[in-house]
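All remarks here apply to the structure that follows.
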Amino acid sequence: MAEYLIKNGFVFDPVLGINGDKKDIAIKDGKIVESVGASAKVIDAAGKTVMAGGVDIHAHVAGPKVNVGRNFRPEDKRQATYEPGKGVKRMSGGFSVPTVFKTGYKYADMGYTTVMEAAMPPFYAKHTHEEMRDTPIIDQGAYPVFGNNWFVLEYLKNGEAENTAAYIAWLLRMTKGFAIKCVNPGGTEAWGWGLNCTSVHDPVPYFDITPAEIVKGLIEANEYLRLPHSMHVHSNNLGNPGNYETTLDTLKLAEGISAKNNFGREQVLHHTHIQFHSYGGTTWGDFESRADKIADYVNSQKNITCDIGFVTLDETTTMTADGPFEHHLCELNHLKWANVDVELETGSGVVPYVYSPDVFVCGIQWAIGLEIALLAKDHMRYHMTTDHPNAGPFTRYPRVMKWLMSAKARDEMFAGMKNEDKVRDRTGLSTMDRELSLYEIAMMTRAGTAKALGLSHMYGSLTPGLCGDVAVYDYNPETASDPEAIETAFGKAAFLFKQGELIINDGEIVSNGNKRTLWVNVKTNENTQVERDIALKFNKFYTVSQKNYEVYAHHYVPNPLVFEIDATV
Amino acid sequence: MANIVSDVICPFCGTLCDDLEVELSDDGKKILEVYHACAIGAEKFLHSQAEDRITRPRMMQEDGTTKEVSYEEAAKYTAKILCEAKKPLMYGWSSTSCEAQSVGHSVAEAVGGIVDNTATVCHGSSLIAVQDVGIPSCTLGEAMNRADRVVFWGCNPAHAHPRHMSRYSVYPRGFFTGKGSKSRKVVVIDPRKTDTASLADVHLQLEQGRDYELLSALRVAFRGEKLPDVVAGIPKDQIYEAADLLKSGRFVIIYFGMGVTQSLGKNHNIDIAIGVTRDLNDYTKAAIMPMRGHYNVTGSGEVLGWQYGFPFCVDLSRGIARYNPGETSSNDLLMRDEVDAVFVLGSDPGAHFPISSVKKISELPSVAIDPHLTPTTAVCKLHVPVAFVGVEVGGCCYRMDNVPIESRKVVDPPEGMLTDQEFLEMVLAEVRKCKGV
Amino acid sequence: MTKISLNLITGRTIQQGVSMEGGKEKKAYTKACGIIEMDPSDMKKLNVWKNTNVRVTSEFGTVIVKAVEATQGPHPGLAYIPMGPWANMVIDPNTYSMGMPTFKGVPIEVEVAINEPIYDSQELVRRACGLKV
């Protein structure tokens, strides 16, 4: 394999404590190395920014609900230029729900090399894997959803922690999943009857368990299994005025629990798209930011991480396993509504949404995300996401960086809003002059996410021995003054390496790489009760036989990267 | 000890039953018996064993006779007609695996073809309606476990999806439907007293083609507003009763079929059926599901969706994907003489398109890739027989509720026969040669 | 000769499905699909016995099929030809610019054609396409 030397770039690597120093980065045999021989190909990075490949902790980029979004929104293809195939590239299109090819190319263009699919319905795991397999360049893993799964609800109700863990290990193996995702715990099961759970104490119909018990039980199971990533929650009551209290109630469930794993992960709970969960007020009329309350709490709790879910003020496609939320949303905006309830496991909904800068609620949502990120004390624990495509497409990350790094850019946005005063008044953003540095951006986009995923031994840094995933951006931090340059440069990497292979050369994608699918294989004690329970549910209540449920590697996961864990006791 | 393969997936209809047992001869080469399948599914497995099966490609001669050719020659011919055409139609894709579809798309992208699947004559109307108004739906097991109100609108599963009622919709005992069919009220809306209607608690025998009016009347009735005395041939009292029956359910599932998609109004009929479902969600829980026909037409829509962003009628001829049913749909293209070659795989337009479209196919350079002899193979210039997906080769398929299930190989194909995917890969290699890639 | 006007729909039957999978070139397929299911009252109007060949004509074409008594009736005024090439000789190919031909709800006329042959599926389409048989 070719050797490369990336010379004279401004390097940002929070793990190594390198903050814009001029350094050379060497790549050999797919890894970052200390040095390479004289024959190494030299990439001149003088005047450019060098970082490890980006790592996205939460994006909906593959699977059934993403494809519902694509297929039921032909108009989304009109929102961006449909690009013809060229060289190694297939034709690619779509804006908020891009095709798999576009997903791979656009992440690469942003210098990202790893992306986690945020919600995989186990029953549809094969579909998620087929899409990930067809997505070029980036390494991917998927989080199966557990928060409304009948096995989990029953075991937790009965206080059977070991059975919960054994079942989760089995399901991760069957679905080739990477982490435990929990969406609107109990609420989506309630949605099976058209109901919801909007607080952590609302009992789930029939199963008679509360969201709080589900969240706590899943956190404990996660640590019992010593998984690379923590439990990944989307808490109850998303998107509603006054929901910050539910969010705090959920976060508090992690108090007193410490991380157990061999992957360097320190948190036990990751709260996703926390922007959507930081709302004050009692109605849409008095809707306001409670970013302060949320950021204060997260700042104070070392065992919690979060990603933000920045609203980018675009027309987009919302999609979530939070079925009742999507129904609620469609009652608000009266646009088309797709819903799929999944037997024994979960549900989902998809609704297009226009975040208009002229609507003050949208403006406040935009401000809340930025507010949280600017109130953060440790950006290793606050991550860059747009909950793609829910708050906006992932292709807007460079624009979000611009807002985070430039008070001037934020003021320009404020000035364009019809209800500027109201938005300024109801949020804390207008009083903030903090501008994040590239060092902090590197934490939010690679170092912090890699660590929270338990993947800091592979990704997120330029430490020798890690994967040769390196991005070079045409951005000179010493001379750049126009905030627009941030958006331009971080949306179009000049060079990108994935596992030591040159993917982008001088702005052109020249290789589709060797994409891998990450999944976790946890060994637990033999558990005949769980085996019997599984067989029984497949015989009686599932419509696919147990033998046809498993995602077999050969076709669906042709290039796996398996994390083997021994959780036997 | 009988040689039995269990948990076999049936490659016939969108019900995609996955509980078949196939008994093989001791050497594993012959299928002797098929258990649990419906009559159609069993026939599909057994027919693959037919002695008179065509096992090599055949070119049609001027005089109407055929001449055997090799797969290599067949692949060359296929690549040639696709490369020479300005706008080839590549139709079918519904009776094959997602793996084969994916290779087919690479071919289509290279030659600038139009990829359309059987939804174009089946649930295309539904796909368009979903783009207009969305669709609240669920998996078949969700309906099995919860639904106490089951509506079959313009569909006849007793004939078209023979095990649907026993596996999912009417008879099974689900988690919250422990008494099986006694837990459910079944409503059938059909202009005929079909064999499905004869099993129903309520049959609304509407006038053919008046579905939109009746669906609209239901929405009026849900709201307690006034109706004319008779709508679509149904007295208003019956409509109010039906509306109350649905509203009083804990979970309503509406299955619909060709009765609504192929009657005048088409996608608008589905729009309002979905409107009925949305309305019902104001009172209780409700879902609606198209009864998809071919066992993997759903998969074709899924693969097209994630690769190009549209579920059918995908025109790649301009180097980017375009979608405009009515313009980029197979029958419109054929009738307007807009395509100059036809490639068919995994479908039989010769039997299932209007004859005016079939005539156009017969006049064009054409190839049909199909295990069977069909009216399509009878009019195409080249017939390439291939292995049966789901019998002689496995592959991913999507059920009518979009649930992916991997079909299973049960026996080897006759010696020397290729699979769809293998043949497509040969064609792709030839196309690349021809395009100089 | 008596002619009657009916409204034609097409669709699946279990026999259509089984015989299709058994081979569309076989007699069973013709037997299953080369038919028109009519209500007994309509057969009476037409003065036709069960299992008699009839000519079905629409604005779009014509086909010879066997008249049989509807098993899923009564449905006076409505006629049913199982989906397949026989039905597709006469259905309305208009899509009204949305892709889907009008397979259901086609006005037809039916008349007795006792001496006309019913072709098998392959011969039917080859003849219709002007190909040698």
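We just call them A, B and C in the order they show up, numbering each chain from 1.
Assume contacts are C-beta pairs under 8 Å (C-beta built on N, C-alpha and C of every residue); 3 or more make two chains touch, one makes a residue touch a chain.
It should be emphasised that the depicted structure is a prediction, and the values quoted were computed from it without experimental measurement.
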Chain centroid nearest the full-protein CA centroid: B
Farthest chain relative to chain A (centres taken as mean CA coordinates): C
Whole-Å gap between the CA centroids of chain A and chain C: 56
Rounded Å distance, chain A centre to chain B centre (Cα mean): 35
Separation of chain B from chain C, taking each centre as the mean of its C-alpha atoms, in whole Å: 22
List of chain B residues in touch with chain C within their complex: 12-13, 38-40, 43-44, 47, 50, 63-64, 120-121, 124-125, 128, 156, 158-160, 162, 191-195, 197-198, 205, 208-209, 258-259, 261-264, 266-267, 313, 325-327, 329-332, 335, 348, 350-359, 362-363, 372-375, 378-379
Residues of chain C that touch chain B when the two form their complex: 7, 9-14, 16-18, 20-25, 60-61, 70-75, 78, 80, 83-85, 88-89, 91-93, 95-105, 121-122, 124-126, 128-133
Chain A contact footprint on chain B (complex, rising order): 6-7, 9, 18-19, 98-99, 102, 109, 127, 130-142, 144-146, 167-168, 173-176, 250-251, 278, 281, 284-285, 287, 301-303, 305-311, 316, 319-321, 323, 395-396, 398, 401-406
Partner chain B, residues of chain A touching it in the complex: 62, 64, 66-67, 70-74, 76-77, 82-85, 90-91, 93-94, 97-101, 123-124, 126-127, 130-131, 134, 150, 191-194, 206, 327, 330, 335-344, 347, 350-351, 540-545, 547-548, 552, 555-556
